[in-house]
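Comments concern the structure below.
Chain lettering (A, B, C, D and E) follows the sequence in which the chains are written, and residue indices restart at 1 in each chain.
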Amino acid sequence: MTALLSLSGLTRRFGGLTAVNALGFDIGEGEVVGLLGPNGSGKTTALNMISGALKPSGGEIRLRGEPIGGLSAHRIARKGVARTFQLVRILPSLTVAENVLAGLAFRGEPLWGEAARDEADLLLRKVGLEGRAGEAAEQLTYIDQKRVELARALAARPSLLLLDEWLAGLNPAELRTGIDLVSHLRDTGITILLVEHVMEAVRALCGRCIVMNAGTKIADGETPAVLRDAEVVRAYLGTAHA
Amino acid sequence: MLTTTLIAGLVLGGTYALVAMGLTIQYGIARTMNLAYGETIIAAAFAAYLVHNSLGISPILGLVLIAPAGFAFGWLVYRLLLRPLVRRSKGGAALEIDSILATFGLLFVIQGVMQVGFGGNYISYSYMNFGVDVLGASVAANRLLALVLALAIGGGLYLLLTHTRWGTALRAVAVAPASAPLVGIDADRAARFGFALGGALAACGGVVISMYQTFTASSGVIFTMKALIVVIMGGVGNLAGALSAGLILGLVETFVATYVSPGLTLAAVYLIFLAILLWRPSGLFGKARR
Amino acid sequence: QDRTSVKIGYAISKTGPNSGGAGITTLPNYVLWAKEVNDAGGLEMPDGKKLPIEVVEYDDRSSAEEVVRAIERLATQDKVDFILPPWGTGFNLAVAPLFDRFGYPQLAVSAVTDKAPEFVKRWKKSYWLLGGGHDYTSALAGLLTKAAGEGTINKKIAMISVADGFGIDLVTAARPSFKDAGFEVVYDVTYPAGTTDFTPMINEAAGSGADTFVAFSYPPETFAITQQAQVAKFNPKILYLGVGTGFPVYGEKNGANAEGIMSLGGIDPKNEANAAYRKRHQEVTGQAPDLWGSVITYNSLQMLQEAIKRRGLDRDAVADELSNGTFQTVLGEVKLEDNQLRKLWFGGQWQSGQFVAVAPVDREGAAPAILPKPAWK
Amino acid sequence: MRTALGFAAAAIVFAVLAFAPFYLDAYGIGLMIGMTGYVTLASAWGLFSGRTGYVSLATVAFFGMGAYTVAVLNETLPYPVILLVAGAIGLLVAVVVGFSTLRLAGVYFVIFTFGLAELIRQLVTWFETTVTGTLGRYIFLPVGPEHIYWQLLVLCAATLFITWWVGRSRLGLALRVIADDEVVASHIGIDIARTKLALFSVSAVIITLVGAIQAPRWTYVEPAIVFNPTVSFLTLIMALLGGASRLWGPALGAIPLFLLFEWLSANFPDHYSILLGLLFIVIVFVLPRGVAGFAKDLTRRRPGGTPAAPKLDAAPLGTESREARS
Amino acid sequence: MLEVRTLAVDYGKHVALHGVSLDVKEGETVVILGANGAGKSTLLKAVAGLVRPRAGTSIRFAGAEVTRLPAHEVLERGIALVPEGRGVFPDLTVAENLMLGAYARRARKDEAANLAMVLDLFPRLAERRRQTVSTMSGGEQQMVAIGRALMSAPRILMLDEPSLGLAPVLVGELFQSLAKVGRAGVSLLIVEQNVRISLSIADRGYLLEAGRMVGEGQAAKLADDPSVQHAFLGTAAEA
């Protein structure tokens, strides 16, 4: 059984800085994996390479065994990889519904017209934005914009969903709803790679964790074990969390 | 031959650079594409012509008068015309359209005023039109002055902008006007100052150019376009970029005229411009995106 | 019918790139003429009645589309009695079919074209008054031949020309003219309009060994070449420059350095009618007329005036009169040949502050050319 | 239902317009030609630039190529074939240009396209002077003004139809997404290059055809006449003023502006520039969101119509930086 | 030191704050808690002069009215803000961003000392002084934003969700440093979703709900007050 996503030797350099250094791991179908690491350790860069926003300097990325490293973002997107961004990127001049429609209209099997509108409503309900379809996306609060972004990503009916700190900035109550939402996605069988600094979320959602530091993988395994790992604690969690 | 061509090219490039500096400052700091920029140059040229022909004052002395006038003019234009638009747009992209349309209107107004005041005729006088020997090449003193001014202003302002807090603040306003107040910068004032400074530079350019170039009330557009080419090629808001782009264009033009065909000079200029943009989409000195 | 005025319309480039040329050669003469006629009580009709001129003026903004529409407007909306032509070869050609269609005579002045005979065939009421490129270049060749025969200059020519209709027309005429006269063109390049720096071309020309330097240039370039030649200490024995040399300001600006420089056009200073015209022009418009096209423009208006006086406001009759009549104008006695003015000054030279006619050499009133051109001061 | 009504109304308007030559004089037809020409130019411009936010100043490059093609071929090929050739040349150049500009954004794109137009003009000039040795070319085609007008009218209707169709198709949504954020666009599966290229080409071909159709009006054609940069500027200003991203916006900008130019230059030939400039400034201050935006405000507000602003300062691609939200 | 009275702000028709009042005393650390959309960020922005409050609002700082001062003058008085979304200068380098932090006249005197303090707090910034900020990772940019605000030698420092995007180890360190800054006499006004850690360094807290203040109290008390829970469950419950 091949993994859904498999990285090997993935490397990205910016000038003299190696942001991601020979990163390798596999993610199986239906897994929810946390990608952790201190600030600037290369998590977003790794995500950017997987989604096609950045071209790798070296190494391989395979989706269901098929190499996708270096393909342009839209190609990768059409193969079923969807993502959210660390700083939300909604489409500000579009309405909430249009933001989601955009996600439906250009995926591998595009959806358009009446059916798309119904599907968009459904997705908005899913992320807790029912009845907001007509609003200008720009005027939503941060959290609601994040919801729009997630709905847009889900619209692609992704097999692999990359979430870059999607749960950051939520208060405890919101965090609980957020976690419920993601775990619901997990239950529908979507494979998720989750970059997150909120440990509560990581513990609740991820069966497995990969930890990076300075571009290299320093730990990979069952979440509780990884989070107890001495090096992880020292580099990332700090003693308070141990 | 080679050195002669080289020097002729540099001197021509000096004019291009001089003309472009004010615009790169205006666009770089105040973030408005000032389509009436060339008209400011021509207005200054007319002023220098008047000062020279009617009052008998040397244009160099005239500079002392005309450059501050250019500054004041830029200040007023920003204050009266652009600031209301900046305020209205609240940092949105509408400002870009609005400022294009408004300065396009301003272009016509200035041009019309000059047309009424001076008619549509060619204006030409010459000042400092004697040869100066530079490494064996005879160079017109007035053109040499343009080069020297371009180097001095360009170099000086470049150092100020990159090496002082004040200059960094101006650049900060350029990149993120909304964030400027967070560190105590009065973004409005900085933008107004930048725009006015650009006006002063345009005036300097106009005065110097009037000493050797024939102009009419409608020649402003040509200067605006040339300046835009130089500014974009160098990277918006970057004085060193404008300086090098101007010099490169001057050299290209002269070398093509000498070794290829004068008929292809402008084609070569545009070709180089396009090629550089294809190679570096944000200009020579522009911050590389991606 | 009881008319109280004659409507004369024109569209001219008041703004845009053509306004520099139109503002010196064409527009002031239209203004001057209308004022003079009206001051004198108006245009005289065959019955002796005088009708004042009512001017309808449009700005074509240097755009071909605008000039076409403005002529249509003059003809069909304003229903003017006569239309004066726009400035420039291209624009005169652009409006020629319209003048023809609406039956207006077109006294094209600021258009230098060798195709005039063809145009006259196509548009019967078109008149071409400024000659063709060939006229100018063969006159120049004649002058050069004379100088070479006297041993003043060698038989080499360096030549540059502006890349637009005017420059090309002249340079294509010049090549055979010079060749036929036994001259060798050793440097022959075209530069784009708007060029400001001529140093490379001047250097090449200086190095070419030619005694004669010819530039078919436009005013800004003419001024620039003059200045830059001085800076480069480039002092050819014959310096022939294009449009702009015949502007009075050229003489003023270059002072003693203008001496000996040649160009298209020129006037006969002994022609009193012309001198009087120049004075009136200065008084009324506040600027001196140029020394090439201006007087021809004014002459065309006088011809029109006289034709109206003889035949009335019937445009066909006026056209017929223009084609066949003989007129007394600022140029002296004028009669068109095949709708073209052939008796023209094709070459002039600055001589002690005046731009005097020197070619054709064999025409009466031509001053002897000063050769070689004196050194720069 | 609304769509059907709209179509019926548009059909009636165009039918009425088609009869214009029968009750207008030569000047009236000239006016209609100019107006239809600019409505078409501005609409075609809006089709690409208004929707993607890429402000193009290459309008006159295509317009001029169209006109020049007619000038070069008018004695050798039948007229309809010339139009086809012109369209094909426009398409070819558009594809090449489109490809080369894919990496450019904001003001860099604007000035690039300006430089491009000038380059084409210079090359044509150079070719004509040194290779063929003729600069001006004559067009003696038996195409009357009313024929020019009808052709333009058909082209105009086609342009508006295409614009309408694009607006409600997936392509239209793709363009709006691209205008907003190209990074997002590519991450939801939009092939940015293809989308931009397709639209740019359609828009360029239309513009080329406008130039080709109008050329017979001038008899004499030279680069300085047909590559007059004013055409690019006027088109841009008209479209922006009307509201470049809306179906009727460019038309609503072009018609009043065109008439205004005409009225001013006829009645105030000496103060034309000053008045025009002042009016411009007043318009900017009074109608902040363009004529079409203003018209919409007068009728009703509907979400989804916010115009795409030109991206003169596009967000950096691929980087994670964005300014303060709000 | 900071007295906010009946602060009301609207965005067009939408009223974000309905007249809230709040005090921060000299050297005090105050947190504002509230659900998503409650108006916390709006409150900070209004104090900083970035959004215009409605008439009837009074904001006094160190005894002087600052209600309608332009934002750059507010900063000059000693009120600094780290906004959500950071507000850094993306095209400038780290060093330039920090240098501009000390643009205010009042900050120039202690610039060197403040710089040393910031670089000590965020060693990553010291390593990357020449890097253009737009190319930095999310967390690194957050460090720049906080560091820049500290450079202005504020008398009161307002932080809008400072822990957003920071790794846990850094969050801990950041709050320790903030506590240190507070002990040095700088007042702190913090909006933070990480309630536990923010209350741990705070003296007092306010509860904001749908644009109204609904509670206030000592930090320690708030930490186990059921109404705190209520405030968070309030508007967010349906989501």
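The rule we apply is simple: a contact is a pair of C-beta atoms (placed from the backbone, for glycine too) under 8 Å apart; a residue touches a chain by one contact, two chains touch by 3 or more.
Everything numeric in this text was worked out from a predicted model, so none of it was measured.
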Centroid comparison with chain B (C-alpha atoms), farthest chain: A
Most distant chain from chain D, judged by the mean position of its C-alpha atoms: E
Distance between the centres, which are taken as Cα means, of chain E and chain C, whole angstrom: 75
Centre-of-Cα separation between chain C and chain B, whole angstrom: 36
Interchain centroid distance [CA atoms averaged], chain B/chain D, Å: 29
Two or more partner chains touched - positions in chain E: 83-85, 87-88, 90, 135, 137-138
Touching two or more other chains - residues of chain B: 111, 115, 176, 178-179, 261, 263, 266-267
Overlap residues in chain A, where contacts from two or more other chains coincide: 44, 86-87, 142
Chain B residues within the chain E interface of the complex: 165, 168-169, 171-172, 175-176, 178-187, 287
Complex interface listing, chain D residues touching chain B: 100, 103-105, 107-108, 111-112, 114-116, 118-119, 122-123, 125-126, 129-130, 229, 233, 237, 240-241, 270-281, 283-285, 288-289, 309-313, 316-319, 323-324
Footprint of chain D on chain B - complex, ascending: 27, 31, 33, 81, 84-85, 88, 92-94, 96-98, 100-102, 104-113, 115-116, 176, 178-179, 221, 225, 228-229, 231-232, 236, 261, 263-264, 266-267, 270-271, 273-274, 277-278, 281-283, 286, 289-290
Chain E - residues contacting chain A, complex: 11, 33-37, 84-85, 124, 135-140, 142-143, 161, 164-173, 193, 195, 232-233, 236-239
In the complex with chain D, residue positions of chain A that touch it: 44, 48, 51-54, 72-74, 77-78, 82-83, 85-89, 91-95, 98, 101-103, 105-108, 110, 112, 134-136, 142, 145, 152, 155-156
